[in-house]
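Chain naming follows the written order as A, B, C and D, and within any one chain the residues start at number 1.
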Amino acid sequence: MENLIALLVAAPLLGAAVLLCGGRRLDAVGHWIGTVLAFVSFAFGVILFADLLGKDAEHRTLMQHLFSWVPVQGFQADVTFRLDQLSMTFVLLITGVGSLIHLYSVGYMEHDERRRRFFGYLNLFLAAMLLLVIADNYLLLYVGWEGVGLASYLLIGFWQHKPSAATAAKKAFLVNRVGDMGLSIAIMLMFATFGTFAFGPVFGHVGDTSEGKLTAIALMLLLAACGKSAQVPLQSWLGDAMEGPTPVSALIHAATMVTAGVYLIVRSGAIFNAAPNAQLVVTVVGAVTLLFGAIVGCAKDDIKKALAGSTMSQIGYMVLAAGLGPIGYVFAIMHLVTHGFFKAGLFLGAGSVMHGMNDEVDMRKYGGLRKYMPVTFITFGLGYLAIIGFPGLSGFFSKDKIIEAAFAKGGTEGWILGACALLGAAITAFYMTRVMLMTFFGEERWKNQPTRSPQSPSAEPAAEHHGEHAEPHPHESPKVMTIPMIVLAVGSVFGGAFFSIGDRFLHWLEPVTGHSEGDSPVSAATVTGATMVCLIIGVGIAYAMYGRRTVPSVAPRGSLLTRAARRDLLQDDFNHVVLVRGGEHLTRSLVYVDHTLVDGVVNGTAASVGGLSGRMRRLQNGFARSYAVSMFGGAAVLVAATLLMRAV
Amino acid sequence: MSFPLLTATAVLPAIGAIATAAVPAARRTAAKWLALLVSLATLALAITILVRFDPDGSRYQLTESHSWIAYFGVRYELGVDGIAVALIALTALLMPFIILAGWHDADPLETGSRRWRPTQGFFALILAVEAMVIISFEATDVFLFYIFFEAMLIPMYFLIGGFGDRAHEHGEEAASTQRSYAAVKFLLYNLIGGLIMLAAVIGLYVVAGNFSLQEIAQARANGSLHMATSTERWLFLGFFFAFAVKAPLWPLHTWLPNAMQESTAPVAVLITAVVDKVGTFAMLRFCLQLFPEASKWATPVILVLALISIVYGALLAVGQRDIKRLVAYASISHFGFIILGIFAMTSQGQSGATLYMVNHGISTAALMLVAGFLISRRGSRLIGDYGGVQKVAPVLAGTFLIGGLATLSLPGLAPFVSEFLVLVGTFTRYPAVGIIATFGIVLAALYTLVLYQRTMTGPVKKEVSAMPDLRVRELVVVAPLIVLLVFLGVYPKPVTDIVNPAVKSTLSDVHKKDPKPPVEAAK
Amino acid sequence: MTAQLAAYSTSTGEAFQFWVLGTVAVIGALATVFMKKSVHSALSLAGTMIVLAVFYLANGAYFLGIVQVVVYTGAIMMLFLFVVMLVGVTAADSLKETIKGQRWLALLCGLGFGVLLLGGIGNASLHDFNGLTQANGNGNVQGLAALIFTKYVFAFEITGALLITAAVGAMVLTHRERTERAKTQRELSEERVRQGKHVPPLPAPGVYARHNAVDIAGLLPDGTPSDLTVSKTLRERGQIRDVSTEALNDLRALEQRSEERLERTEIEPATFKREEASQ
Amino acid sequence: MNPVNYLYLAALLFTIGATGVLIRRNAIVVFMCIELMLNACNLAFVTFSRMHGNLDGQVIAFFTMVVAAAEVVVGLAIIVSLFRSRHSASVDDASLMKL
């Protein structure tokens, strides 16, 4: 049974290889190959899941040792897979959602002549992501970690002819690289401390080392997590990442990859538990990002960017939970899974809307679409209810638990964190309602005006086939696209309930992550109540602003905060001024230095030698007689020398 | 006396060079094929060495020893340890690709220019370089090594100065002047280094009385040959300077960008992937074995210089406008990593460094050769002249991207393993140095991706709109390299197994042990 | 009998001869160097060589002495003179130095070298003179021949080859192949007509009965000489003798005498001077 | 009188010749000075042969003469052709060795 684990990765990897090396002859069937292989991988996942369920809770860990990867004296890195409950959860999420989105893409990318390559990249992503979650040591995890980074780079920049896309891709990869630096330093620290970086031994010996070292390791891991999961201060890439095709945004930048950071923290729970300071930092990062993302989400008119903001903030919730230690690990993962469902659903819905609206992304040019694309409307609506935590839907359960846990941290920070979480819930409700209203309700602002507003030029080749500047005629998307949306909607409706009724999810994960009930100063009921209140407030405000009044199709100037939020709270400007400009100046001056100083010294000596010889050249005046004189003088000197020799 | 395998491996390309040069001018193609066949035969011999070499056997194997200049005690002594075997294999492996990639680089120019490119000469010189490089990897006699270490410069000089890119933005005249400047610069730098080394070699002879690496090393080890501290340090500096110029180490690096920029892509690969390796290899074999104490004494300075090389090279690479210069500065950064690994004096560091030499050879070859194909299509080396190539020539762009990813050492590709080993090896002994060096990987991503974005993505420039995709010959060159990159990235064990014992004995020469982790968690 | 004496010390006769002729030789050498005209240099060199020939004889090298006279003074020096003639006898080159400091350097080196050389000979131990008595026993020439054709035969052959080569080389260097056909008289005359100057043939030189040498310019009606009448080579070397004045002076002298005869009034004597001749 | 004086004379002549070579510009005169030097050598040779009482010195002197003859022939030929090409026999005019 263990041997199946490798096949989880192998299937999509094979797909990637075949599709990317296959050449044009596979264009016709490429997308189906990719999709089938994704489903195959999912099937393996299910089989393994069944196998795990067969075992009793303590022995639900499958190990597979493939081969010794990098053996150098003390440094032993093996290719070993570990499949326990935590990995299993992710495997199912990744392969499940992944397969659905493959299916969706078949329709969405229909008109793209490079569809084959798109599926190749998607498969590559699946393989890397699976490798990430089933790796048994940090170095192998690092491979998957960078692998998903590469895949997301390729997919964000899939429409490379758009400079914006290429830039966004580069930005994403670079910011991630900064995070990866953290990961690699963490691995080095582990090796220097433990002499190994395999999960088992490291976690086993956490007790034997100083807290300082552990804190350092933990912070480095956190840096990595921030990079991958778009947490403050490394969040700036996620918004731009929406340049990629919508399925990519759904799969990579909502459901799976961006949650890798959470996985890393939860997986390294043993280390974090032993480093409380680091945990505090984690929670702070989570809380800040939670609010940050939410605020950004409120200001964006680009539907995908708004959703991106919400993703950021939802992951903030997870990180916050993960930072709470054993109290929160399980809920972090749970929220991660449910979020995977509804956020993927929302993105697919958004994609479907764009598909029907000539790839218009500006919500101010939507409106009243509910009667034109009913399926999309319903699925999107369910996702919406789920994310704002409408009672009974999945978001309600998972988010509520996290807020409880936040309060349960105890002490002042418990209160602060809890407050942040509540506030976040309110804002979430606000901006999601805003999205919902602006898209599906109100009067139809897209009537009698050409879409494709110049400031958001989305050159998705899909668009080039229906006329560019024609007035859009919204239509429902094909079955191949709607079915995945429906499935995900179902998941987002019942997932939460299914998990938390009887604490199924808790019992499932506990053996890996451990769990402890913190003593919450406020009862669960109060928390739930508070959440409901926030929810209502948020929805109410949103309705007042966007449901009652008509939405202007050109964005009003807005308050200072709004304008800042539209610019991602000036994060990018900061980066631009400090990093980019500074870097450019630095490199330019260095180039100058290299040319003048380092090289100049050498050339200077060369020049001086040249000058000297030039002066020497004057002696060669070309007159045979003066040469003769020197010759004669030389002869005289020789005679003198010989005589002296004789004399001595 | 068994079959002198090592001699054969070095002599075969030498004979090949002469034969190629002797091919009549009209039969150009014949010369090319001859050169290719010779390089393949050499590869076969190198593989035989690889097979015959027993990692767990004695340190130096397949040794040959004949008296040469008895008066000076100079002997013709050959022998290979794991490190040398790996590098010989690399050299022999790259040669066929270099020759194949340079297939048309030396054809006589039909249009305009009066400069006649002697094709035979081009390939003969390449083979000559191969012969000399291989023998300097094999030589265990300091004098013998020195001779070929220096002789290498002559064919390289003609390769750099004689053959440049077909087209040049400032026209043929400017091109030739810049070429000769680069060639002379290359020659001067390395000659000066070599002269200083010669002084050190003579000094060594005065102190030790013979040139045999093994004898001297043994004598040093068992204390029968005692050197005054100052003497040892001076000799070490003499040797190290030459190797640092060749490597090249900051601030002795400025010859490399010019040389790589002006020479054709295959020659550039020859410089950075093959010839420069002799420098780093020699640090490992001669500096550490002959002068262990001095090496330890000099370590701090060298580490700092290596760090500067890493960051500085990367930053300059970001600032370049010329594709080849960019690659050159990237190589400088990578050589910084190699030297860092060597002088970290840990088994991870040195195994990593050796592995790095091999991987860097392959990855740079892949990137540079593809860049060469690109340049030969557009006739310009300036990054700004490209754009949107990805849409026109996807395969070319893809291979270029893979080469770039290898250069930024993406996990799963070969360079990652070596780079990480070097970093870990450095970190365990000098944490601060390790962390600073880690910034190199971010910068690497920066310059690689900027290069890719500016050349390959974005709207299609009209100059490149008619650009043909990779031809079969070019694909034959690139594909194997990429396969190799992936394979060594996933399964580097074969190489490490060969290298590890050699590294272990080198470390024992300098009396260094890996630092023990405080917590013994490794089973 | 000279041979006997030549053995150890030298006769007073030889001493006397040495001091006299030695002085001559040195003077000749100096003259060779410092004479303005190369002809004079050549002649003084010849003198020195003859002196040396005598010294050879005195030193018992009879064969060499003769050879010296015959070959050097006879052949080589003649060769020199011949070339000097070719280049121009009267062409005197100034001894003014053009290269800065050359002369002083030269004199310094020469002085130093000479002093060193003399000093070297001075403190070399050269006392035992075993003369050429038995060496020249059966004739100096035979002795030389014996050596040349046995011991030095190889060198001898080589020098033979050298001589031949030299001869050929000289020919190669000096002989000039005519590249284009020489112009016939007709063509020349046509050319003259076409150019329109000197249409008639050039006037002949030496129009006087008294001097009809080629280097005397014919006189124009006004008594001034015309260089055209002298051949080109001489003109280039500036070797034109001008007799116009003396002709006029003669005329005047004639008139004067006739005046005296006829007791006419004094006429001023012949004091015609031509303003500086055209050269 | 001691025959060594011949050697002194030879030395003197040689020096004079050498100096002449250096200070004269006229190629022919330079040549003559060289001949003078050769003759000085010959005198020395002859004297030496008298000293050592064998004829080898004279043989050498004889060879010297032959070589001198050859040299003069070629040299004069050169001078003549030089004079033809650039109507002067001055060695300074042929100063083409300057860069």
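The rule we apply is simple: a residue touches a chain if its C-beta (ideal position, glycine included) is under 8 Å from a C-beta of that chain, and two chains touch if they have at least 3 such contacts.
Predicted model, so just to flag it, every value in this text is computed and none were measured.
Visitor: Using the touch definition from the top, what's the fewest steps needed to get from chain B to chain D?
Guide: Minimum number of steps from chain B to chain D: 2.
Visitor: Which integer distance in Å separates the CA centroid of chain A from that of chain D?
Guide: That pair's centroid distance is 96 Å.
Visitor: What is the distance in Å between the mean C-alpha positions of chain B and chain C?
Guide: Their C-alpha centroids are separated by 74 Å.
Visitor: Roughly how many whole angstrom separate the Cα centroids of chain A and chain B?
Guide: 37
Visitor: With centres defined as the mean C-alpha position, give me the chain C-chain D separation in Å.
Guide: 16
Visitor: By residue number and range, which residues of chain D touch two or more other chains?
Guide: Residues 18, 22-23, 25, 92 of chain D each touch two or more of the other chains.
Visitor: Of all the residues in chain C, which ones touch at least 2 other chains?
Guide: Within chain C, the residues that touch at least two other chains are 99, 102, 105-106, 109-110, 113, 117.
Visitor: Provide the full list of chain pairs in touch.
Guide: Those chain pairs which touch are A-B, A-C, A-D, C-D.
Visitor: Within the complex, which stretch of chain D touches chain C?
Guide: 1-9, 11-20, 22-26, 28-29, 31-33, 35-36, 39, 42-43, 46-47, 49-56, 58-59, 61-63, 65-74, 76-81, 83-84, 87, 89-90, 92
Visitor: Once bound in the complex, which stretches of chain C touch chain D?
Guide: 6, 9-10, 12, 14-15, 18, 22, 25-26, 29-30, 32-33, 38, 41-42, 45, 48-49, 52, 55-56, 59-61, 63-64, 67-68, 71-72, 75-76, 79-80, 83-84, 86-87, 93, 95, 97-99, 102-103, 105-107, 109-111, 113-114, 117-118, 121, 126, 128-136, 140, 143-144, 147-148, 151-152, 155-156, 159, 162-163, 165-167, 169-171, 173-174, 176, 236
Visitor: Which part of chain C faces chain A closely enough to touch in the complex?
Guide: For this pair, the touching residues of chain C are 99, 102, 105-106, 109-110, 112-113, 116-117, 119-120.
Visitor: Could you please specify the touching residues of chain A with respect to chain D in the complex?
Guide: So the residues of chain A in touch with chain D come to 617, 620-625, 627-629, 632.
Visitor: What part of chain B is in contact with chain A in the complex they form?
Guide: Checking each residue of chain B against chain A gives 188-189, 251, 253-254, 312, 315-316, 318-320, 347-348, 351-352, 388, 390-391, 398, 405, 410-412, 416-417, 420-421, 423-425, 427-428, 431, 434-435, 438-439, 441-442, 445-446, 449-450, 453, 456-460, 490-493, 496-497, 500, 504, 514-523.
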